[in-house]
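Two complexes, one shared chain (subunit A), two partners (subunit B, subunit C).
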Partner chain A sequence: MAFQILLNFTLAFIWMFLSSNFTASGFLIGFLLGMLAIIMMRRFFKQRIYLVRVWALIKLTLLFIKELIMANVQVLKLALSPKLNMQPAFFALPIELKEEWEITLLSSLITLTPGTIVVHISDDAKTLYIHAIDIDDVDEAIDDIKNSFEKAIMEVTKS
Partner chain B sequence: MKTNDMIIQFTAKIVFFIIFFFAIHIFLAGHYTPGGGFVGGLLASSAIVLLVLAFDIKTVRTVIPVNYTTLIGIGLLLALATAAFPMFKGDPFFTHYFDYFTLPLIGKTSLHTAMLFDTGVFLVVVGVTMTIIQTIGEDE
Partner chain C sequence: MTILANILIVFFISVGVLFIVVTAIGLIRFPDLYTRAHAASKSATLGVMCILIGVFLYFWLIEGHFNPRILLGVLFLFITGPVGGHIMSRSSYIAGIKPWKGTVKDDLGPEIERMKKEQGIK
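So, the complex of A and B:
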């Protein structure tokens, strides 16, 4: 991943030297041509091509925006409802992510979508403890987070 | 009872760079826009304090091995030298000089000796803040 991006930058600079065009537009043309060359040579790399990961990152961002809007509407419904019949709960969420930044990203995403807040990480960093404002079925909530956010993050980090 | 501080530690590692860059920017912007040595020094020391909060004093001392009391001395010496230098040229104490230079990468810039005085202020502020926080924090 890092090697491919570095290679793409190097190809862009080579293009700038070849065309003697040391401007931002020349760099951009070289970068796009380098992207094309890397896509052509994709069988020779050990890892997946980095554009797939960039696309996964864009998809994760869109998913986050969608979830943010949906969850805010839900919390607005709760706040404006005349009767308070919500069910707050703490629950444990087992996670499969390993890296520090993945866990931080997942916790931030869970906290930023209203209705759920990460309150604690277990010492072996395999479980997140989450407080939810209104929950009917704990297993359903766990599956929901696992299938949306965690899957999207794993999609980004898969080599 | 030691809890897992993964989130704050990772976030502090990232935010440190942003605060430090902002401190340098404020320090350099002091001549024409709000900012200067004092605010920049406080911001730089606040970046280090964030690391101290996320980790602990011993770890931060190994990461940034600076003796802050000598930093105060260096800053004061720099400020005094900037102020005393014109007297050797026959000008009054604290005369400042400036001129326009063509630097690589930046182009035409005006360099001013007030910048050196500001650097002294910056170092003194960082040193004093960190000395206060370390001496209070180490009282066990």
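So, the complex of A and C:
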């Protein structure tokens, strides 16, 4: 991915030298033309084309903002409801992510999403221990959310 | 245009203040440390972020001054907020603070016991 972006920058600079147009707009035109060239030559790269990954990153960000707002509405409901009838629980969640930064990202996302906080990560980094504020109606929904987050992160990182 | 900008600014700042007030109420009302960590790490993050975005929009749209430092502040809050919640709840569990009696399920207890035994911590 880094190689493709670097190649795209190089092509943009070559375009600037070819047209002797050393301005931001010249760079932008060269970047777009280079992007086109990279898309046309995509079967020569071993990895996926980097635009797919950028798109996956944008989708992950949007998903995350949506979950963040929902989490806050849920805390608002719980804090302002007249009776405290929640059922907190600690539960274990097995994960498949390998890289440390992926696990960090996943646990940050889980902490900022509705009703869950990551309390502990096991030593072999295969299980997350999560505190849920209301296990009753969330238990299955949580697993769905985790699957969607984990899938979205894998979508970003798979080569 | 100014009216639209003003509406946007007032919306962001009031939503931020609302979430911070909810954080404070949650900190008083929730029964134990772990549920309070929920209120503190989520609502406070979004509340402060909303207020910062409101301030950014005010200086950008009304005063005509684009201040990227506020955006960087939003980004740093985004990164550090959840980590703070995680570290505080984890260290208090290891220090032996009991969860609320209403807690229905505890997968973490045995794991922490095992870890303490392995590393020789009392």
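Just so it is clear, the second predicted complex is superposed on the first by the 152 of 159 C-alpha atoms of A that agree within 3 Å, B and C clash if a C-alpha of one lies under 4 Å from a C-alpha of the other, contacts with A are read in each partner's own complex, and residues count from 1 in each chain.
Note that a residue touches a chain if its C-beta (ideal position, glycine included) is under 8 Å from a C-beta of that chain, and two chains touch if they have at least 3 such contacts.
This one's a predicted model, so the numbers in the text were calculated from it and none came from an experiment.
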| request: Using the superposition on chain A described above, determine whether A:A125 touches subunit B (first), subunit C (second), both, or neither. | output: first
| field | Between subunit B and subunit C, more extensive residue contact with subunit A | value | C
| subunit B versus subunit C as contact partner of A:L76, first or second or both or neither | second
| said: Looking at A:L84 after the superposition, I want to know if it touches subunit B, subunit C, both of them or none. Which is it: first, second, both, neither? | reply: second
| Contacts of A:E100 with subunit B and subunit C, given as first, second, both or neither | first
| said: Quick check for you: in the superposed arrangement, does A:N147 touch first (subunit B), second (subunit C), both or neither? | reply: neither
| said: Let me check the overlay on chain A: which residues of subunit A are in contact with subunit B and also with subunit C? | reply: 107-108, 118, 120, 122-123
| said: Could you list, by residue number, the parts of subunit B that touch subunit A in their complex? | reply: 2-4, 6-7, 9-11
| remark: Residue set of subunit A touching subunit B in the complex reads 100-101, 103-104, 107-108, 118, 120-123, 125
| request: Can you check the complex and tell me which residues of subunit C touch subunit A? | output: 18-19, 22-23, 25-26, 29-32, 34-35, 37-39, 41-43, 45-46, 79, 81-83, 85-86, 89-90, 93, 99-100, 102-109, 111-112, 115
| query | Can you list the subunit A residues touching subunit C in their complex? | reply | 68-69, 71-72, 75-76, 78-80, 84, 86-92, 107-108, 111-112, 115, 117-120, 122-123, 127, 129, 131, 133, 135
